[in-house]
Structure formats: C-alpha cells, structure tokens
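Letters are used for the chains, namely A, B, C, D, E and F, taken in the order the chains are written, and counting of residues starts over at 1 for each.
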Amino acid sequence: MKHDFENFRHLRQQGNEKVLETDSLTIKRIFSLDKQAYKEHTLPKGTKELLGLVASLVLRCNDCIDYHLEQAVEQGFSKAQIDEAMGIALLVGGTIVVPHLRHAAHSLEYLFSNNS
Amino acid sequence: MKHDFENFRHLRQQGNEKVLETDSLTIKRIFSLDKQAYKEHTLPKGTKELLGLVASLVLRCNDCIDYHLEQAVEQGFSKAQIDEAMGIALLVGGTIVVPHLRHAAHSLEYLFSNNS
Amino acid sequence: MKHDFENFRHLRQQGNEKVLETDSLTIKRIFSLDKQAYKEHTLPKGTKELLGLVASLVLRCNDCIDYHLEQAVEQGFSKAQIDEAMGIALLVGGTIVVPHLRHAAHSLEYLFSNNS
Amino acid sequence: MKHDFENFRHLRQQGNEKVLETDSLTIKRIFSLDKQAYKEHTLPKGTKELLGLVASLVLRCNDCIDYHLEQAVEQGFSKAQIDEAMGIALLVGGTIVVPHLRHAAHSLEYLFSNNS
Amino acid sequence: MKHDFENFRHLRQQGNEKVLETDSLTIKRIFSLDKQAYKEHTLPKGTKELLGLVASLVLRCNDCIDYHLEQAVEQGFSKAQIDEAMGIALLVGGTIVVPHLRHAAHSLEYLFSNNS
Amino acid sequence: MKHDFENFRHLRQQGNEKVLETDSLTIKRIFSLDKQAYKEHTLPKGTKELLGLVASLVLRCNDCIDYHLEQAVEQGFSKAQIDEAMGIALLVGGTIVVPHLRHAAHSLEYLFSNNS
C-alpha cells in the first residue's frame, strides 16, 4: 500500500499539470517564478527550503509543508534540524500549527526511511 | 463512481441542514444573509460570484471555492475568465494558494464536462 | 464502523506521540504549556475551552475544533450554549467559517449521542 | 492630552457612522447583527465578550481588541481574568500576537485607571 | 492639510521605489507581474479591480484597499457598487473586516469628492 | 528627529514590560520561550532569525518584521541576502505582503546606515 506521501506526490504532479492547462499568463508566470525562486543565489538552497517550510507551516498548508520537507531532506538537513525549524514555526504561529506538525511528523517518517 | 464534486454537493447540503438545526439566531441570520447577498443589485450576480470565488481562494477554503466555481460556471463565465479571476487570487494570495488552484482545476474539469 | 470523531481521536493521539519523538525543546515546551493552559485558574475551565473553541473556529482548524468541542461537552455545556459560542465565531470570522460549522455539527452529533 | 483609547473611541464612532451611510443591505444587516450577538442568551454577556476578545486577538485586529477589552472591563472581569483569556489567545495564535498584547496592555492601563 | 489618502499615495510611491532598489529577481518579477495582472483581458479591468479590492479586504490590508479603491473609482464604479462589493467582503470575511470598512469609507469620501 | 525604527525599539521595550506585569503564567512562559528559541542549536542563530523574518512577513506583522530584521543585520547578513529571504516571503505570501516590504525597506535603510 502506498504511503500518503506517495499519493501526495502523484496528486500534486497531476494537479499542477491540470492547472497549467490555462491561458492565464499570471498563473503561468507565478508557477515559473516558483521554480526559480528556491535556487541557490546569495543564500544556499537549503536555507531557502527551510524558509519555505516555515512559511508553509505558519500559513498552515499541508501540501506546501510536504513539498518543502522533501526538499529539506534532499538538501541534507537532519531530523533534528528540521524539527528545530518547525519549532520556530510553532512558536510564531501558535498551537493552531500543531495538527500540521502531526502531518509533518508522518511525512518525515516516510522521507527518512526512504532516503537513508 | 461519483466525482468528488458530487460528494461535495451532497455533504454540503447535508451539513448545512445539520448546522441549521440550531437555536442560534446569529447562525440562522448569517445563513439567511448569505442567500441574499449574491443576488444581482447594483452589480451583476456574475461579478459577485467572482468576488466570492477570489475571497474564497485567498482565504483558502476548498468548499467555498467549489460553491462559487459552480455558480460562476452557471453564470456563463468561460474557463479562461474563471482562470483569469483565479490568477488575481494567486497573485494577491501567493503560492500558498497553489494547492487550492489544483483543487479548483479538478472541480472545473467536472463542471465544464457536465454543464456543456 | 467508526465515526469520524473516533478516527480523529486515534490519529491525534498517535500523531502527538510522533511529534514528541523530537529533540526540539521549543516543541516539547509548547506541548507541555498546552496541557497546563486550559486548567481552571481565575477563569473556569469551561470558559477557557469555549475560548479555545472560538479561536479554533476563526482560525479554521478542524482538529482543534474537535478537541475543544469534546472538552466543552465534558464541561457540561449544552448544544445551545456551544452553538451560541460558535455563532460569535461565525460573526467575527465570516462565512468562510461555515464549512467548519458543518464539520462541528457532525462532531457534536457524535459527542451528544455518546455522552448522554 | 487624550489617551490613545479615547481617540480610538471617537474614530470608531465617527467611522461607523460613515460606513452606515450606505445602500448596502448586507453591510447594514451585519452591523445590526453585531449589536445583537453579544447580548446574554444561553451564555452570559461577559463570556461572549471574552470570546470576542480572543477571536480579535488571534485574528490580530487592534480596534476589535480595544472594543472587547472595554466591554470585558464593563462586565466586571479583573485584570488577571482578562490576562488569562489573552494567554489562551497567545498560546493558540503564537508570538505573532505579542504586538497586540502590547497594544492591549496599553489600553487596559487606561481602562482600569478610568473605571475604578 | 493633506488628506490621509494623499499621504498614502506619496508613501506608497516612495516605498515602492525603495523596495525596487534590490537585487532580488523574485521581488522585481512579482512587482512587474502586479503591473500587468489587472489589465483588461478576458475580464474587464473594472471587474479585476473589484476582485483585488475584495481580496484586500478579506486579507485586511489598508494600503492594498486604498490602491484598489482608487482604481475602482477611476474605472467608473459608483459608491453604491463599491459598497456592494465591500458587502461581499464583509460577509465572507466577518466583522473582523469592519475596521477596514471604516478606513475605506474615509478614503472613499476623499476619492469621490476629488474625482467628481 | 528620531527614525521610526528608534521609536519602535522604545515602544517595544516599554510595551513588553507592561505585558509582563501580569499573573498569567502562559504569557510569561511564552515570553521566556521566545528568548530561548532563536539561540544557536542544531541550526545557526542567523538561519533562525531569517525563519522568524519570513514567518513575520507572511503573517504580516510589522513589529515582528522589524525585530527580526535587526537581528538578521546583527548576524551579518547582507542587504542582498535579506532581500532574497524576503523574496521567498513575497512569493509564498503574495502581493498582500508588499506594504510590509515597503516597511522593511524603510527599516533596513536605518539599520544598514547605523550598523556599518
């Protein structure tokens, strides 16, 4: 049986393709900008992924959290480092963020067991 | 098999009935106001549905998005016009809105295949 | 078949345990603070649970709503009183809160049928 | 020199009058509902004012906070009780609420020195 | 003495220039996209300005509200039409939006007295 | 004449002292946790300040932005690096964040002219 994270990956990919079947230049350009914005420039890519993760946590978007968790793990951050970043999000965003920490813990279990 | 949109319609109807089994006048009055507020007055109903759609997107509520998408399609807006409205929501609300665009694209696929 | 509320309870418990398998002191301390904060002090526990419920509704978090609904029912509030508190949340937070009222109505049905 | 709180009262009153010079039934009805909703019914008025206060804090609206603080003081809550309610808002809403606690502390200083 | 709206215009202009003294391509591109996105395409510019206004109201940003109010007045919408759009924002966003309606009423007074 | 940033520093300090004249343990503990949470642990203090900055931007709190900008400058980040972090916040949070970028640009002007 597929882990929820694999379903997320599939649905995200499929959904993005459907969104991009659009004539809206605004939508297309923001998607294109989103691909560029996390690349290393004056800040390392890793730091930028943690920024994306914390933004996603305080704004409480599970899909966005999952995406940045996967990138953060790929960038080599440890579970302890990711948890430390998530602690900042919990402090700033409050206990309303807790259900998203539960979601993240479930995703991290998958990501660390499959990327080791 | 039912499309997710049909399930949404059913659960929304059933849920609203359950909410209205209440003695709270505040809840009842806001529900009643909600029925009146989108009617044509000095602005066309169609414009008001797009306003409801964009508000629902930037506040990131899938059920609310689905409801206003259905109304917008009924009011005769094309896929391109709805996407253009959604582009404004994406720009103002940021990429945190993207998962809701994926949800909307899935719903629009259903709405345009069943209303043509 | 289990009611959604029982699944919520199980997943919440399991998820919290997974979150607390962390070295982050910030996360641990906020979880510990969360356990203390709703106890009776100068305000009754019941009032504080209603405060948590309204905060959860206007911030639109179903898991948080479910948790405080359960506590509010345990504290002896009637359906009418809980609805009255939820009416304040709907008024302050707007119709974007409506889908969460539908969720709450479904949970309350379970909570009152199992606590009578 | 007038305290900020007195200016707030004046501007709020003046602003509400200007808003109500409108033909929008939706706006008029929500203003009218807002006047009714905090009255004692199955919950005491005091509890409802605390609910409004906590909702205002987690949604981070200083004007709304000031209004409910004034009502809470009129309902006889002590500084300790109001602080306890605000503590719940801080916990649920996170440290992003802190600047609004600073605002509230400034307002409470005025309200308790002028209502004793 | 200058009306608050004139100060807003001046500070907005000055602030945008300062923001654009940046090397960040992401910031520059989003500013550039923002200039394009409200132009007439499949929807009239006027409708898009109302969409921007309602998004700004429910997200509660006075500067953004002022900008779109000015554009909406320039596009020829009447006070009644703008109020009707703002009514949708109040309904969807809740009474937490009220202080922003007060701000908007103050701005509209200026905009209609200077554009007639 | 004092720069707005100096006023912010003074009012923040004064306001925090007033908030801490409280009996609420929840408030006191969160303030104490806030002092600890940004210290270097498995992530450098600098990275954590950028996380706090981005969280403050997407949640749109000027006081919080100012605080983390000051810390980020003290940690040695360049204007270009801080702008790059703010670009992520703008992308994720949308153009509703723009007024806060204007505020930040004004603060950064002060911080870089006084820390060189």
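Going forward, a residue touches a chain if its C-beta (ideal position, glycine included) is under 8 Å from a C-beta of that chain, and two chains touch if they have at least 3 such contacts.
None of the values given here were measured: they were computed from a predicted structure.
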{"item": "Intersection of contact partners for subunit D and subunit F", "value": "A, B, C, E"}
{"item": "Over-half contact-pair match to C-F, picked out of the listed pairs B-D, D-F or A-D", "value": "B-D"}
{"item": "Relative to subunit E, chain with the most remote C-alpha centre", "value": "C"}
{"item": "More contacts between chains, B-E or C-E", "value": "B-E"}
{"item": "Label of the chain whose CA centroid is most distant from the centroid of subunit A", "value": "D"}
{"item": "Copy pair subunit E, subunit F: interface residue numbering same or different (half cut)", "value": "different"}
{"item": "Rotation angle superposing subunit B onto its copy subunit F by C-alpha atoms, nearest 5 degrees", "value": "180"}
{"item": "Mean-CA-position distance for subunit E and subunit D (Å)", "value": "26"}
{"item": "Subunit C and subunit D: spacing of chain centres that average the CA atoms, whole Å", "value": "23"}
{"item": "Multi-chain contact sites of subunit D, meaning residues that touch two or more partners", "value": "23, 25-26, 30, 33-34, 37, 42, 55-56, 58-59, 64, 80, 84, 87-88, 90-93, 95-96"}
{"item": "Topology of the chain contact graph, where touching chains are joined (line, ring, star, complete, other)", "value": "complete"}
{"item": "Residues of subunit E that touch subunit F when the two form their complex", "value": "11-12, 15-16, 18-19, 21-27, 30-31, 34, 55-56, 59, 61, 63-64"}
{"item": "Residues on subunit E engaged by subunit A in the complex (per definition of touch)", "value": "23, 25-26, 29-30, 33, 36-37, 42"}
{"item": "Subunit F contact footprint on subunit B (complex, rising order)", "value": "58, 90-97"}
{"item": "Partner subunit F, residues of subunit D touching it in the complex", "value": "60, 79-80, 83-84, 86-88, 90-91, 95-96, 98-99, 101-103, 105-106, 109"}
{"item": "Residues on subunit E engaged by subunit B in the complex (per definition of touch)", "value": "30, 33-34, 37-38, 41-43, 47-48, 50-52, 54-56, 58-59, 64, 78, 80-81, 84-85, 87-89, 91-93"}
